[in-house]
Structures are given as structure tokens and as C-alpha cells.
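In order of appearance the chains are A, B and C, and numbering begins at 1 in each one.
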Amino acid sequence: MLPRHILRVDQFSRGDLLQLLAHSAEMRRVVAAGGDKRLDGKILATLFFEPSTRTRLSFESSMLRLGGNVISSESAEHTSSAVKGESIEDTIRIVEAYADAIAIRHPLAGAAETAASVASVPILNAGDGPREHPTQALLDLYTIYDELGRIDDLTVALVGDLRFGRAPRSLAMLLTRTENARVLLVAPPGIEMSGDVLAYMETHGVAWEQLHDLEEALPRADVIYMTRVQKERFPSVESYRRVSGSYRLGSEHMKLLGENAIVMHPLPRVDEIDTLVDADPRAAYFRQARNGVYIRMALLDLLLGPRLLTA
Amino acid sequence: MLPRHILRVDQFSRGDLLQLLAHSAEMRRVVAAGGDKRLDGKILATLFFEPSTRTRLSFESSMLRLGGNVISSESAEHTSSAVKGESIEDTIRIVEAYADAIAIRHPLAGAAETAASVASVPILNAGDGPREHPTQALLDLYTIYDELGRIDDLTVALVGDLRFGRAPRSLAMLLTRTENARVLLVAPPGIEMSGDVLAYMETHGVAWEQLHDLEEALPRADVIYMTRVQKERFPSVESYRRVSGSYRLGSEHMKLLGENAIVMHPLPRVDEIDTLVDADPRAAYFRQARNGVYIRMALLDLLLGPRLLTA
Amino acid sequence: MLPRHILRVDQFSRGDLLQLLAHSAEMRRVVAAGGDKRLDGKILATLFFEPSTRTRLSFESSMLRLGGNVISSESAEHTSSAVKGESIEDTIRIVEAYADAIAIRHPLAGAAETAASVASVPILNAGDGPREHPTQALLDLYTIYDELGRIDDLTVALVGDLRFGRAPRSLAMLLTRTENARVLLVAPPGIEMSGDVLAYMETHGVAWEQLHDLEEALPRADVIYMTRVQKERFPSVESYRRVSGSYRLGSEHMKLLGENAIVMHPLPRVDEIDTLVDADPRAAYFRQARNGVYIRMALLDLLLGPRLLTA
């Protein structure tokens, strides 16, 4: 059913997603019951050519919770044969001799597809540069599903850096698989959502509008998806200071947000959500991080597990 | 019984310590019998924001010997979201989604307590800057217990850098939980034991005296606890050279040491114990390193294991 | 039967090798059957004081395929107590408290022997500087055995950097344990095979000749063993360019190679084998990488496993 490699969000049909969400919910029950042994004897290699402790540990925890094993390279950019000029293709052809699946993180756009083009084992894209980070988008959708009980009829506000942030781009694309979605775009000038994603949403029937104000979005949204606005995107510290305050969520904003709405963030956070918000039950971002384990377990199980158990 | 997080030595009452020492002895038997599966399905995360291969591998070996699993960050200071400005609190709230316990090492004093203040899983302090390294102190006490058969009525000589070394400070504090302890302090001028620890010993009934000579301490001590005197602590290489020789243990000193006494060292050693001493049966420092596994197994088992087995 | 530590290729008699090759073939069947639990409860420490993701992951995969566990230091040169001046001997005496075997990689020639001189657990040399990398040589021999069905009556062409490359040196030495071997040496001036290895082959009855041309070797060889010619070995980029082309294998060369011959390479490859060659069934280098798992499983099993199972 599922694609053989997990590379991009546009690989997933609505049917795939519904299956995956249901299977992730099952994985949550597996963890609550103390884990499982269905991937006993299987090995996942995590090959990180760019640091990301959080994503790596999430993949590794997912594999272990299902009884599998892990081999890992935390800083492959310094320690692997890539230093000597080895191609990604060669690296994969070697590492697939050691593992039953490979989660790869690489600074180069398209690196995961290159890996998949030669791999005889499943490749899981754990982020390839500015391009894709599909498991993040999938866990975001699962979080919505788990928190709100549905993936349809949603108004989702994407806030912050919508141009360079992979997470809001991917979530916007994934929302085209849901019904009757509306996306509110709240970004500083210069880092608005790019035209290709806007066109993709339009083609697939997702309504969108650009707002200037977080305050405007709050009362209307089912989901506030915050992201970090990085200083480096701005021509001067001045121009950064002028806008960044408008894209920070404080506890005063929570009064404007609907009772059943949630706040999400791909994390890490710096100061774009005040820590005072953390105690609010609608602050879903730490639960969201936890959901990464369930989604990755579901993917690993569907890719590697015995079919009978995963049907 | 035990505290929920292992943060400081002063958390442990005499009763706690006696329980822990007995449980560590039990863990030694578990290892001798080829390990155990009582933590099957549990995951320990080792988050090291400062390098320490030895401490990390000791924690990881302890978890594996009990049938548990490990996820690990060897250089979290370079690879984790801390680089992007994430707080320790946020890091912990995310990693606790991946693991059942977290061993953290951090250069900042108090980092482990900060971690524990938000954690829903047990935090084990694997060293927070100059402050505390409680599992080192506990394995030191276990070594004394295992080697000498008792923790009371001891004369312990602490030798070397007593100001900046965490290990002798913590051991001195832990000795307040034993009866009738006497501490001999042998340190170069400028790096003597600091006043707070002297006061703490006094308040809790531990007798101490300052000696100038290692030779003076040797015939009186049940335990010689050596530590490294670092060049960097001295104003000049000259002044370092003048004193450092007096805090080195050579094979000639072993004649002055009692037949049933032992030599300990938190390791790594550079040249403060002559390698000729290694063959002496009273040289306990490599056995001491091994005891780290038993103490950490005991802690992990008491924190994570089924209560029935650990009672 | 086997040596207690795996340090150098000259430790292995012909009888040892035949046993090891047979056991590696058995390990291939174990992997095909989904792995095994015969090293359940055992721990392998991989201590890498020099980066080599490929070798480290191969050792770790081998241990996991047999049901064992792994503790690992990817960059021990930065994170271990070696930074503080600890000797290799002390490091080993500590790490052996955490593991049942230690695979060590170190930039210093002889480091593995130093480790073995104090170790109470088996040491596996995963490469000690320019000196030895015995598991590479053993997997090379296993590849020949597996691909050609024999280790005797072979003509092996070693091509490229024969002076500084550990792999061709070690393979040449290992061929002295086979019968009726002939070695063709094809190297640029200045980096020819060194005299000690030539003498060793002569003493042990291996015929060798030096050729100037890869083309000359191709029709005669059962095995073409390619290695990388590194720019840094040459006095100028000019002189490198002049020769390097003659030591590259392109698809045009494959017509000159015998139908049953194979091409090997220790990898990583940069451009010394054209990627067009990869699809040729005689291109054995990726299968060779895979064989590293079987050889290392065989060694770990023979060193750590229950004797009955490994007889």
C-alpha cells in the first residue's frame, strides 16, 4: 500500500494518510503497553550528515519501541567516507549491507531521492536541506487528528517564516489531502509562503488567504502553527526587530483563541512562544513532539513489519 | 524509597545508601550471571552536552546489562537544538517523549536540577559542570564498601586538587552519612578543600585535618583517594612543578600504606599514580571504574524496574 | 583455535582461515534467516579514535545480527579521556569493565597491540594507522572464496597505491596462506609495494611481478583489486595527473577481463572505477562490503559465542 521509500509528502494519497493515522494511533497503544517485539532482528541505520539530535533520537526510539535495533552516525559529515569524496549512492550501497532500513538526513536537496534511486532497502527522508522533511509533516497531521478528532473542515493558521521553513510548506501541501481546508498565512514581508505552494493549494482545492496579523488569525483558527522567524533572514537587525514581535505568541493571545483550538510548533522554539503559554491545555507542541514517535513507528512497521500484523 | 531524580549526593540518607549498596552488590551478581532482562522494553537516553566517553559508556552498559535499550547523543552541544537556542527545559520535554529515563551531562552548574524541574521521567545527573557528579560519589562509596567490607570507622585521605575536583568534594559530603569517619586533606596551597565542604563535614560530625604530606597520610589511611593536579590551576609552570611531585603516588609509597588499605582514583589518570603501582592488589582504581556499572544498574533498576524485584 | 585478539593478518594459519571462511558462510545463512540470538546479553564496545563510519557500522551490525548489544564512541579522539592525556592501556582497562569485547580504531600504529597487552576481553583491531586492518583483509579473502569458490591457484592483480594502502599490503600477506598464488603489482612510480611485503611473499612462496599497465594485468587476473591513488602522494598536481589515468578502470577495460574474474575495491571509491562498471556482474565491490558483516559476525561468534555452537 505505502510507497517503498518515504521521501516527500506528495507521495501520500488521502487513503494512505488515513491508514497511516490509524496505524499511528495503534502505535500509541503499543507504547502505552510497554512496547512490542514485531521488528525483532531488524536494524535501522540513522545516517545524519547534518546535526539533528531530536529527529535522530525520535527515529531511534521508534525502532527500539518495536523491538528493532539501531546503528547510528550522529555526524556523518565528519566521520563517513563522504569526507573522502564518496557519493551518496555508494554510501547507501554500503550501508544497506548493514541495515534493513536507512533514515537519512542530508543538507542537499534531493539527497534522499538519490539514496532511494539505488537502495534495496527502504529509505526514510529525515530532512534533505530546504526541500522535504516528510515525517515532520506527517506527525503534524497526526497531531491535528489526535487533538481535534478530524483532519477535515479545518482552518489552519501558519505563522512566521513560511518561505524557508520546511514544516509549514509541507503541512500546507499535506492539507490538500483533507477536505474543506482553509489556510491562513501570517508571515513577515519577504518570507511569505512561496508561489509554488500557493499554486499547489489552489490546484487541489485548499482555500488560502494572507493576513498581516496574528490577532486576526487567532479567533478563526482551529490550529495555530507557529514557526521561528530567524534573524538571518533579514537585511538588518533593525528590520528584524521591527517585525519579529508581531509573530510572537504570548499568554495574552490565548484569550483570542477558540476553546477547542490548539497551538503547534515544530520546535525547537526560541522565544516565538512565551513559556507562560506552555501550561495552557491548548498548547500542543510537546505532545506534537511525542507524536513523532508514533508516526515513525507506524512507518517503520508498515515498511519492515510482517504484513499480517500491520493490516 | 529513593529520590525520583538522581541529582545530588545530599539527597541520600544513610538508609538510602545502605539499600543502594546492597542492591549494587546484587547487580554485580546479575552481571556475573550474564545479565538480566528486567528493564526489557525500557529506553535510557544519554544526553551529553560535554564529552565524557567513560561516563556515557558506563551508563549505557548498565542499561544494556539489565536488558534495556539506549539512545545516545555523544556531542549534544554540537548536534542538538541547543545550538539554535533551545532551553534545557524544552530539550527535556522533547527527549522525555523518546525515553523512560534521561542521563544528562552538562557544563552548566544546576543543569540537571533544571532538567528535573520539568521532567516526567527520572533524570540522572551525569555531571553538571563544577557542581555535582553523584553517581561518581556513589560508586566511590560502593568501592569502599566492597573492598573494605564496611562504610563506617574509616580514615579517608583525599589527595590532590580538592577545590576544583568534583569527586573528592562529593565523597567528603557522602562520608557524613557514615559513622565515625575521619578525613585527611592533602592538597597544594591554593586548591585546598573549600570552606563550605569543611563546614558541612563539621556540622555532620566528620572529623577532618589538613596535612601537608602524602607520606604523613599513608600510614594512617584506610583509603587513599588520589586526584589529578592540573597545570592550569597554577599561576606558572614553575609553581606547578614545585608542588606537583608531592602529590604523586609511586611504588615507594606503597610500603608506607597499610596492608588492608586501598588506593582509589576517579580516573582518568595522567601521571599522579605511577603505573608501577597498578600491579599492587591494593590499587583499586580499575575495580572502582567497574563498580560504576553496578551502581548505575542499581539506580536504573530502582528507578525503572518492577518494584517487586527491587524490594 | 583462533587467536584471543584479532590484531594482524599474520596471526592466522591456513587452518584458521579455512575455519573462518566456513564460519563466515554459515553467518551468511544466519543473516538470511533473519539473524540469531547467540550473543544475547553480550556487549561490544566500538572505540573509534579516528573516523570510519563504514567500519564501525559494519562491526555494530555484525554484533546486533547475533543478538548482542553495542556501546559506541564515534569520535573518541574528541570525547574520551585521551584528550586529558589518558594512555591507551588505561582506557582499555576502563572500557573492558563495560563490554565483553572491544573493537578499536586508532591512528597510531600498534595501538591495537598495546590495547591487547592489558585487556582481559578480546580486542579487535579495526585499523591502527598505516599498519593493519585485519578484518578488511579477511573479508577480502572471504569475498574471493565466495565469488570464485576457492582461495588457491589464484592470480591477483593489486592496482593503485600499493605503498600506503593498508588493504593491498594485507591481502598480499594473507595470500601466502593460499597455495599457488601469483600477485601482479600495478602501481605508479613512488608508491609501489614496499620491499618488506615483497620479501614476505617471496619467503612464503607467493610469485609476484611488477607490471606497468592495468591493460596487461586484466586478461591474466582472476581478481583485479583496485585502490585509490591519492593526490597527496605526489609532488605536484601535474605528476598526479600524468599517472592517475592509467590506474582507472573504465567499462572499456571490462572487455579485457576474464569472464569469471572479479573486480574488488576496499571502498570508498572516488573515480578510480567508473560507475558504468557497477552494473557488470563481475563488479564485486559492493558484495565485498556486505561480506564484512559475515566475517565480523564469524569473528565475534568465535571469540564470544558458546563453543558448542561454533564448532
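Just so it is clear, a contact is a pair of C-beta atoms (placed from the backbone, for glycine too) under 8 Å apart; a residue touches a chain by one contact, two chains touch by 3 or more.
Bear in mind the structure is a predicted one, so any value in this text is a computation, not a measurement.
Asker: If I superpose the C-alpha trace of chain A onto chain B, what rotation angle comes out, expressed in steps of 5 degrees from 0 to 180?
Answerer: Roughly 120 degrees of rotation.
Asker: Over half shared or under half: which fits the residue numbers at the contact of copies chain B and chain C, same or different?
Answerer: different
Asker: With centres defined as the mean C-alpha position, give me the chain B-chain C separation in Å.
Answerer: Roughly 40 Å separates the two chain centres.
Asker: Which positions in chain A touch two or more other chains at once?
Answerer: Each of 72, 74-75 in chain A touches at least two other chains.
Asker: Which bits of chain B are touching chain A when the two form their complex?
Answerer: Its residues touching chain A are 41, 43, 45, 47, 69, 71-76, 78-81, 83-87, 89-91, 93-95, 97-99.
Asker: Which of the residues in chain B end up touching chain C in this complex?
Answerer: 34-35, 48, 51-54, 57-58, 60-61, 64-65, 70, 72, 74-75, 228, 267-270, 275, 286, 289-290, 292-293
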